[in-house]
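Shared chain: subunit A. Partners: subunit B in the first complex, subunit C in the second.
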Partner chain A sequence: MPHPDAAPSEGGLPKAGRLPRRRRRFQAIRQAPLKLLVGAVLLTVLVAVAAAAPWIAPYGFEDMSILKRLKPPSAANWLGTDEFGRDVFSRMLMGARLSLMMGFAATAVSLVIGVPLGLWAGYRRGPVDEIIMRSTDVLLSFPPIMLGLLMLAVTPPSLWKLIIAVGIVYVPSTVRLTRSITLGLAGEEFVQAARARGEKTFYILHAEILPNAWPPIMVEASLRVTFAILLGAALSFIGLGAQPPSSDWGLMISEARPLLDRAPWVALAPGLAMGITVIAVNLLGDGLREALDPRTKRRGG
Partner chain B sequence: MSDILLEIENLDLAYDTPRGTLKALDGVGMSIRAGETVAVVGESGSGKSTVALSVMGLLGSEATLSGSIRYQGRELVGMPAEARRLLRGRAIGMVFQDPFTSLNPSLTIGEQVSEPLVFHHGMDKRAALERSIAALGEVGLPDPAALVTVYPHQLSGGMQQRVLIATAIVCDPKVLILDEPTTALDVTVEAQILDLLDRLRRDRGLGMMFITHNLGVVNRIADTVCVLYAGRLIERGAKNAVLGAPAHPYTKGLLASLPKLSDAGRTRRIAPIPGRFPDLTEPPEGCVFADRCPFVEARCREPQALAAIDDGRLVRCWKSDDLPGWPEAAAVARRPGRSRSGTLLRTDRLTKVFRRGKIGGGIEWKRKFGVFPWPETRTEAVNAVDGISLEVGRGEVVGLVGESGSGKSTFGRTVLRLTNPTSGGITLDGDEIADKPEQELGSLRKRAQIVFQNPDSSLNSRRRVGDAIARAVSLHTNVPAHRRREHCEDLLDRVGLPRGYYDRYPHQLSGGEKQRVGIARAIATEPEFIVCDEPVSALDVSVQATVLNLLDDLRDELGLSYLFISHDLSVVAYIADRIAVMYSGRICEVGPTEAVLQPPYHPYTEALLSAVPLPTPGEEFGERVKLRGDRPPSASERTGCPFHTRCPRSLGALCETTPPPVIEPAPGHRIACHLDIGELNSLPPLQIPRTRKAS
Partner chain C sequence: MTLYFLKRLIGIVLILFVMSLLVFGITQIMPGNVATILAGQFADASTVAAIEQRLGLNDPAYLQYWRWFSGVVVGDFGQSLVMERPVLPLILEAFASSAILAGLAFVLVTVFGITLGVVAAVRENRFSDHAVSVFSYIGISVPEFFWGIVAILVFARYLGWLPSGGAGNLNDGVLAWVSHLVLPVITLTFTLIAHVSRLTRSSMIDTLRSQYVRNARAKGLPEGHVIRRHALRNALLPTITVLAIDVGWLMGNIVVVEAVFSYPGIGRLLLFAIERHDLPLIQAGILLIAAVYCFANLIADILYGYFNPKIRYGHAAS
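And now, the complex of A and B:
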C-alpha cells in the first residue's frame, strides 16, 4: 500500500554537507532537461551538417591537389590537408555521413534482431529461452572487434556488410536487456489479464509488454550508437569497412596514422568530430534516461 | 504528568511540491505514557506514518516541520541531527511494516540485533551478542543462541518480525513506534505478534505508538486511539469510547464500512464512505471530511476546532454531540434466483507442483540430454495445489480462504489455465478443459475471467483505460466496431465510473477506480464465472466497501459466479455463499458460510476465526487458539494431515501418518479431520452477538 505521505521521505536520512534546499531543488529540476537539450541540439547540428555536407563543404572530398600536400590549417583549408592534398575539413564533413549512418543503422539492426528475440525468450521461457540465450552467450564470448572481423574477413568489405556486422555484435546485449525487462513484465497482472481474455502471444508481446519495455531499451540503444560508431571506425581503421577513397572518420584516422608526427591535424579533426558525436549521443541518452525514469519524474510531478 | 514519555503538540508538516505546498500534517497532538499503547489509525494518505517519521527524525529534507515533539521533556523538533541520532534506537525504537525488506539479507541476525548496542552503548561485540541473544529469547524465538548465526532468508515472516522487534528493544528504549507491524503477516501470526507486543509493554513498561489501518488490531491492543484523516487529528479518546461509540462522522463511516463476521449471511449491504480523499495541496478551509460527510451543513465549511466532549474525548466536529449513526445501506433481500442451479465449474483432484531451488540445497551434478555432466541447483517440489476437488454452482459465490502460501491464488490461476495443472481435472459446464491445448480454450477465455489484487499492476500503465476493455469486447462479443466505444462506456457506467474515463490513463485514477476498471474489463467478455483474486486486499477500508458492494450487485444483475479468494475471513464471510478453507494446498473444510463459521469446524478454521481481530469492543472470541510456529509443513512433513505440525488438537502419530478422513456433519459441509464429530462439535463457538440478523 503506497503511502503518498511516505514518498517524499525516500532518500531519508539527512545528508551530510547538503546544499541549501532551494538550490538543490533547482538543480534537480534543471539537470535532466539540460542534458537532454544540449545532447539533442548537438546531435541535430551534427546530423544537419552531415546531410548538407556536399553543399557546405568548401572542396570536394576527393579533390586532390599535389601542390597542397600536408598543409597545416590555414584560411584556405581550415583544418589543413592530407597527403594527397585533400581538404581535411571537407572530408570530415563527408565522413560524418558514413559514421553517423554507421552508428544509427547498426543500432537499428541490433534492435530489429535483438528486441523480438529478447521479448520471445523472456515471455516463453523454457527451451526457447535456453536456445536464444545460449546462442547469444556464444556471441558475447567473442571480443566485439573479433566478432566483426570474423564476419567481414571472409567476404569483400562493403558498407552495408559493416553495418550488419556491427549491428550483430550488439545483438546479444540488446537481447539480454530486453529479456530481463520482459521477465519482470510477464509476471505483471495486466499480462495475465490479457492471457485470460485469450490474446495471442504476438499481441501480448507487441501491445502489452513492448510499450512498457521501450523506455529502458531506447535509452540503452541511444548509448549504444556511440559504441557502434567507435566499432565501425575501428573496423574501417583495419580496412574492413569504408574503402578509400570514400571518407569515414575511422578510415581517415587510419590513413593519417603514418603521418601523425608530420601532420597531426589530419587525424585530429576526425578524432575531435567523433568525440563530439559521442558526447552528444551520451548526453542525449543520459537525459532520456533521467527524463523517462519514474523515480526522477516524481519530482517533476 | 511525569510519566508522560512522549508528547506531541500542534505538529504541522508541509512538503514543498511543484504543485504547491502540501500540508501532510496539521495540528496533530497526542501523548504517550509509560505502559500505554496509543493507536494511530487512518487510511493511506492520512499521514499516520509521517507522524512516526517525524518523531524519529527520519523525514526528508524537503519537509518543513513545526510544532513540538517532547521526549521526557526534551524538545526534539529542531534538535541537531547528531543529538537526534543518539536518541534513535536508544530512547525510541521503531519497527517497520515489512519484515521481508527491513532486514539486511547479507548480515546475520546476530550482527543486526547487536549493532545498535555496539553503536549506542559502545559494547564490545561479544557482550553485545549476549545481550542480543537475551533479547531474541524475550521476543519468543526458539533457540536464540543458534539463531544469531543464521541469515534472514532462513526465517519465516513471523520470525523476521520478531527479530525486528528484538532489534528495536535491545537498547531498552522507553518508547516503541510500530508502523503497521502486522500488516504483512497472516492473521494467526499477527495474533502471536500482538500477544508478544502486549507482553513486552507490560513487562518493560513501554510506551507504544501503534500505527495501523486495521481497526480490529486497534481494538485488540490499544488503550487510546487517535484517528487521522488527511493529516488532521479528527478524534482522540479511549479505545472503548472511540470504537464503541464513535463521535466523528469519519470514524463512524470507517466502522460502518467494515464487513463484520457477525454480519455474515449478507442480510444487509455494508455502508461505504462516498467520495474521494481531498487534495492536500489545496485543503478545504473548513472540515476536511465535509465533502464526504452525510451530515454536512453550511457551518462545516468553517474551520473546525478540536473540542472536548463528555468523556474526555477530543473531536474535530462542531455537531458531534447530536449525530445519528452512519446511514445504513438498504437491506437487500435475497433474490430467489440466487440459489445455485447446477454446477458451473468443477475441479477434480487438481494438483499443481512447482519446482524451486532448495534453500541451502547446494549444487548437484546431473546429466544434460543424458550425456553431459551438468551442475544444477538442488530443487524441491512444492505442492502449491495438492488434490483439490471443488465445485462452483451457477450463480454461486465460493469463498476461498487461506493464509499466504496456502496455494489459493495458484488454484485460481490454474482453474483459468493461466498456469497448467500438473494433474487432475477441470470441467467448465461439463466441458473438460484441464488438458486442452491453448488454441482450443476460446470458450473458457470468454466464459471465465479474473479480477486481480493489485490495482497498480493489473492495468497497463501505457494504455488508455478504454483500450483494455475494448479489446476484450472485440475479441469475445459481437458488438459491431462502430458501437464498441459506446458499449465500453456503458461498461464503465456499470461499474460506477464516469464515461469520460475511457480516455484516461491508469495513473490518473485512484486505487479503487483502477480496481473498478479491472472489474469492467473482466465483465467485458460477458463471462459467467470470475475468479476474484484478493480484489479488495490492497484497498482502503472505505473503498473496499464500495468495491465489495459493486461485485455483489454485478453478481445479481449478470448472474455471475465467483471464486472469491481472500485471506480476510470477514470479507469472504460477507460475500460468499460457501466457504472453502485452504491450508498448504489442501482444503480442510468446505461448506455453507453459516456452517463454516460455527462449530463443528476444522481446528484450522477455529484458529483462523479466533485470530481475526474484531473491531467492536466486547465482541471477542472466547479463548484464542494459539498455533505453534508459523510455517506450513515442509516436503518431508507432508504425510498425513498437512496441519499436524501446527495443530493444537493434534492426536499425535495418527495425524502425522494418515491422511484425515472427510466427515460430513451436514449435507454439503465437509471437514477433513481425524477428530470425531462429537469433539469438533464441542469446540467453542464464535462469541459474537448475532442479534443483528433479526433486524
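And now, the complex of A and C:
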C-alpha cells in the first residue's frame, strides 16, 4: 500500500489515507452488529407485544365507558382514555399488531408481484422487458401517496385494500431492483451452464438466479417495511385506510386531531409507538445492509 | 442536449397519456352512479335517466374517455359535479395555494438539507455529525402528520404563537398570511431535510475520500476552498436526483399536511372530491399532481447533466 504522502498519481491508490481507514475498519465491525442487534431486539419485543396484545392489554380495545371519557394518564389507564373512554394504552398495543402486519403484508405483496416480474424482465429481455419497464416508468411517475390515493379513492376503504394498494405502490421499485440483479446474474457461468443443460426458464429463474438474488432483495425489502408502515398510516390518517373503530395508529391520530387541546395524549401515544417501530425496523435494515453490502465491506478493509 | 430534451419531453407526454387512461379507468370503477349522486337520494327514475342522458353516462367507455380526454388536451377538465363550477379554475386556485407551501418547503429542504449534510460530512464522527445523524434518524422515523400535530400542540396550543390551521388572507396583512404558513411549511420540511441531509452526508464523505480531493489537499489548497470548489460540485450530484424524488414526496405529503392544518390547497380539494365522489375533480387533481412530478424529474435530469461533465446526453441517452 502506497504511503498517503506519496505523489498523487492517477489510480492505484486506496480511497483514503492509512489512519482513517483503520479507524473505520474498527467502526464497521463495532457499528454494524450493534445496529443489527438493537434493531433485532427492539423488533422482537414489538412483535411479541403485538402478538400477545389481546392478552397483555389491560382493557379491551373497543371497551367504551362514558364515565371515563378523556381521562389523563393515571395508574388505572397508563396513557389515559379517548373520547369514548377507551383505554389508549390497550388500543396502542392492538395498533402495533395492525401496523406491523400492514408493513410486512404490504411488503410481501410488493415482493410477490415484483420479484417474478423483475426476474422475467431481466432474464428474457426483449419486448417483455420493455413492456414491464415502461409500465414501472408510468407507476413511478406518480408520487407514492397519489398512487395509493388513486387506488383507494374509488371503492369504500378497508384494511386489506390498503395493504394491497401500499404493496402495489412499491412493486415498481422491487421490479427494478430484481431486474438489475438478474441482469448481472444472467451472464454468470452457472446460469449459462444451466441453460446449456437445457433447463427450462422457470427452473433457471427459480433455482439458479433467485437464491443468489435474495440477499439484496431482502435488505431492500426490510427497509421498505418502514415506508409501508408510514404510508399506510398516512393513508389511514386521511381516512382511506383502516376504518373506525379499528385501533390503527394513523386512524387513532386522525381521530384525536379535534381533541388536541383537551387530550393530547390520545394523539401522542400512537405517534411515539410508530416512531419506535420504524426506528427498530430501520436499525435492523441498516444493520443488515451494512453487514451484507459489498461496498461497506470493501470500505471496511 | 436539445435532442435529449425533446426525447424526454415526448416520453413525458406519452407517460401522461397512459396516466390519463389509468386515472380515467380507475375512476370508472367508482361505485355509486354519478347520476344518482347528482339527483339526490329521493329523485325518481326519470330524473336520473335524464341526467345520465345529459352527461352521456350511457355511452361506451371509450367514447366517454375520448370526450373527457379531448377536453383535457385543451384545458377543459369538465364541470365539478358537487360544486357545479368548471374544474380548471377550482384546481388552479387550490394549486396556487399549495404551490406556495411546496415551494417554500422545497427551498428550505434544499438549503438546510445540503448544509446539514455537508457539515456532518466535514466533521465526520464528531459531535455535530452525530447530532445531525440522530436528528435525521428521528426525522425519517415519524410520519409528517404526527410532526404536524406535535407542532400544533407546542406552537399553537401551549405557546399560542401561531394559528393552528387554515390560511391567512393577504388583506389582513402579510404577517397574518405568513403566520398561517409557518407550521405547515415546517412540518413538510422536517422529514425531507432528514432525508436530504443523510444522502448529502454519505455522498460528501465518499467524495472527500476521493483521489482528486486528496490531490487538491496535497497541493496545499485551503480546506474551505477544497470543500467548496472541488468536493461539493460532485457530491451534490446524487442530491439533485434525491431532491427530484422529494418533489414527489412533497406533492404527496402535501395532501396529508393540508389535512392536518386544514389548509385550502390541492390536497384538501382532492380529499374533498374523493369524499363526495366528484369524478372530474379527482381526475384533474391527480393528473395535475402527477404532471408536476414528471416535470420536476425532467428538470432534475437536465440539472444533473449540466452539473456532471461526465454525462453528455446524445446518442448514448436513447
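Heads up, the rule we're going with is that the second predicted complex is superposed on the first by the 266 of 301 C-alpha atoms of A that agree within 3 Å, B and C clash if a C-alpha of one lies under 4 Å from a C-alpha of the other, contacts with A are read in each partner's own complex, and residues count from 1 in each chain.
Rule of thumb we're sticking to: a residue touches a chain if its C-beta (ideal position, glycine included) is under 8 Å from a C-beta of that chain, and two chains touch if they have at least 3 such contacts.
All values derive from a computational prediction rather than experimental measurement.
> Check whether A:183 is in contact with subunit B, with subunit C, with both or with neither, and answer first, second, both or neither.
Neither partner.
> Of the partners subunit B and subunit C, which touch A:64 in the superposed model: first, second, both, neither?
So A:64 meets neither subunit B nor subunit C here.
> Considering only the touch criterion stated at the top, classify A:38 as touching first (subunit B), second (subunit C), both, or neither.
Touch status of A:38: no partner.
> In the overlay, work out which of subunit B or subunit C sits against more residues of subunit A.
C
> Answer with first, second, both or neither: which of subunit B and subunit C does A:144 touch in the superposed model?
second
> Quick check on the output: what are the common subunit A residues between the subunit B footprint and the subunit C footprint?
4, 8, 10-11, 13, 15
> What residues on subunit B touch subunit A, complex-wise?
15-19, 24, 44-47, 49-50, 53, 58-63, 81, 183, 213, 231, 413, 416, 418, 441-442, 445-446, 448-450, 452-454, 456-463, 468, 471-472, 475-476, 518, 521-522, 525, 538
> Please output the residues of subunit A touching subunit C within their complex, sorted ascending.
4, 8, 10-11, 13, 15-17, 27, 137-138, 141-146, 149-151, 153-156, 226, 230, 233-234, 237-240, 250, 253-254, 256-257, 260-261, 264, 267-268, 271, 274-275, 278-279, 282
> Within their complex, state which residues of subunit C touch subunit A.
Touching subunit A: residues 15, 18-19, 22-23, 26-27, 29-31, 125, 137-138, 140-146, 149-150, 152-153, 157, 164, 209-211, 214-215, 218, 248-249, 251-253, 255-256, 259-260, 270-271, 274-275, 282, 286, 289-290, 293-294, 297 of subunit C.
> Using the touch rule from the top, collect the residues of subunit A that touch subunit B in their complex.
Checking each residue of subunit A against subunit B gives 1-6, 8-15, 18, 21, 24-25, 29, 188-190, 192-199, 207-208, 211-212, 299-301.
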